[in-house]
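Scroll down for the structure; my scribbles are underneath it.
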Amino acid sequence: MTVLSLPEDPEALLQLGRELLAAQVFSSLLEARLDAFRPGLAELSLPLGPHLLQQYGHAHGGVVSYLADNAMTFAGGSVLGPAVTTVGFSINYLRPAQGERLAAEAIVVSGGRRLAVVRCDVSAHDEAGRSTLCAVAQGTIATIDRPSS
Amino acid sequence: MTVLSLPEDPEALLQLGRELLAAQVFSSLLEARLDAFRPGLAELSLPLGPHLLQQYGHAHGGVVSYLADNAMTFAGGSVLGPAVTTVGFSINYLRPAQGERLAAEAIVVSGGRRLAVVRCDVSAHDEAGRSTLCAVAQGTIATIDRPSS
Amino acid sequence: MTVLSLPEDPEALLQLGRELLAAQVFSSLLEARLDAFRPGLAELSLPLGPHLLQQYGHAHGGVVSYLADNAMTFAGGSVLGPAVTTVGFSINYLRPAQGERLAAEAIVVSGGRRLAVVRCDVSAHDEAGRSTLCAVAQGTIATIDRPSS
Amino acid sequence: MTVLSLPEDPEALLQLGRELLAAQVFSSLLEARLDAFRPGLAELSLPLGPHLLQQYGHAHGGVVSYLADNAMTFAGGSVLGPAVTTVGFSINYLRPAQGERLAAEAIVVSGGRRLAVVRCDVSAHDEAGRSTLCAVAQGTIATIDRPSS
């Protein structure tokens, strides 16, 4: 799927984001879902199934960092356009991620023409509706650097 | 599995590391393999199967960051002991990860009593034996902070 | 100055923080001022004099990172106690820092017994009272790891 | 000083780098010196005078991060051209920086057309010629994003 610009209609934008996510095989494997996608914001979540755990019974750090990374890429893409890539990010794990779902909310702090800086909170949500902040991240997203551009 | 100290015998250490990795369900899902595990070093790799890709046909960033994160945790654990957790890390993606296998080599730069700082290179290896550096990371590993300690 | 615990009285805490800052010769050189210091929060600022600039007429990145680093250390110390050190941090520069003063606000996101994770915003303030977000940072602060502890 | 391309002659390149550094008032204040500047590499050092210390008698973290940041910017500029800026970086402090001089060596890990990723080691050097690794950093440098480009 090659998408050159983003629709302005909120429903169409969310729909497009979901199609982009569905095109990521790894995201489908993790059953990730795009819960919100607006200019400057993306929310992504996944069910904390038993296959996502590490040896202590919590979500593996790699699952947490996947979700943060991908939410930040979508948030960056919401202001830079769909052809973006994550240049890099930093993440701090605050406490074990346990519960029913893991959710990442990424917000663009600053967006230029080619680069966006994004912050992200990753929270675990349990059956009783309680949420716990598990990780915070900060990343840089860039438009894809094509040789011909 | 609760392990309180690490064996000094190289084969026993590698064997223990592989058991710790096997206890991570998510790592089994990704077919991760511990290729080397010595004091101050861990090498982890996985096959780049089609389920690990994103929409451009490369390994998803989340797969790359999982491998870096986990290799750094193992490297940190090799000097701090097995009860460790990743406090946080930074990763830069350099180029798309394509090929047969993805491999992360993590090396302890500095290890104290409770904290270790680790650097990691993630490379893609293709069928012809060529390897390409895809990401570099830097992280902090800590012994697990128990309320009673 | 060796301080083993923090006072509960807000004025005494701010006063102690200012004494700790005054003991940092480099901070005095940069005329840094502790504007607020409460459990979980520290605000630090400095005047953007001509000696702090780089070749484009903006504050040098090193000045911005100094202020973020130090504000995060103070914020971490406000929950961990005064004997702390910055383990590491990540910073993203968003736009040039220009104006009369540079101010960093650091907030503790998560604090344990030995480690705290802190986020920080650095803003430039001009003569007209406008403020511009110039950098965001995220860091890990730890109690000092003494051989005897 | 506006420089549009870098000279190929090694001596002329080092000379240009030193002129760029001299144009940074803050770097002059810290008496920073460019010790090496080649495509993909920059070495920067400064004397650890008493004005650069914090309350424990070591170099302030802000001095260490300044030197890492600036060395990475120069290294990035050595492959991207002189009009560059640091997008962001991560730094881990390993041990107190004490001694006669502080030196940062930055090496480009990956350089594209608009972005470079750089790693940096910061070491303290004492009177007896011993050096101690004090901090490691990793950063992203970008060409300056002009509205008209």
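For reference, chains read A, B, C and D in written order, and residue numbers begin at 1 within each chain.
The rule we apply is simple: a contact is a pair of C-beta atoms (placed from the backbone, for glycine too) under 8 Å apart; a residue touches a chain by one contact, two chains touch by 3 or more.
These numbers were taken from a predicted model, which means no experiment stands behind them.
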Query = Can you give the rotation angle that fits subunit A onto its twin subunit C by Cα atoms, in degrees and rounded to the nearest 5?
reply = 180
Task = Specify the chain most distant from subunit C by Cα centroid.
result = B
Remark   = Rounded to the nearest Å, the gap between Cα centres of subunit B and subunit D is 29
Request  = Measure off the straight-line distance from the CA centroid of subunit A to the CA centroid of subunit B, and report it in whole Å.
outcome  = 22
Key: Shared interface positions of subunit C, touching two or more other chains   = 87-88, 90, 92, 117, 140
Query = Across the complex, what residues on subunit B touch subunit A?
reply = 1, 20, 23-27, 29-30, 50-55, 59-63, 65-67, 69-70, 73, 85-93
Note = Within the complex, subunit A is touched by subunit C residues 90, 92, 94-95, 109-110, 117, 119, 133, 136-138, 140
Task = Spell out the part of subunit D that touches subunit A in their complex, as residue ranges.
result = 87-88, 90, 112-115, 117, 140, 142, 145, 147
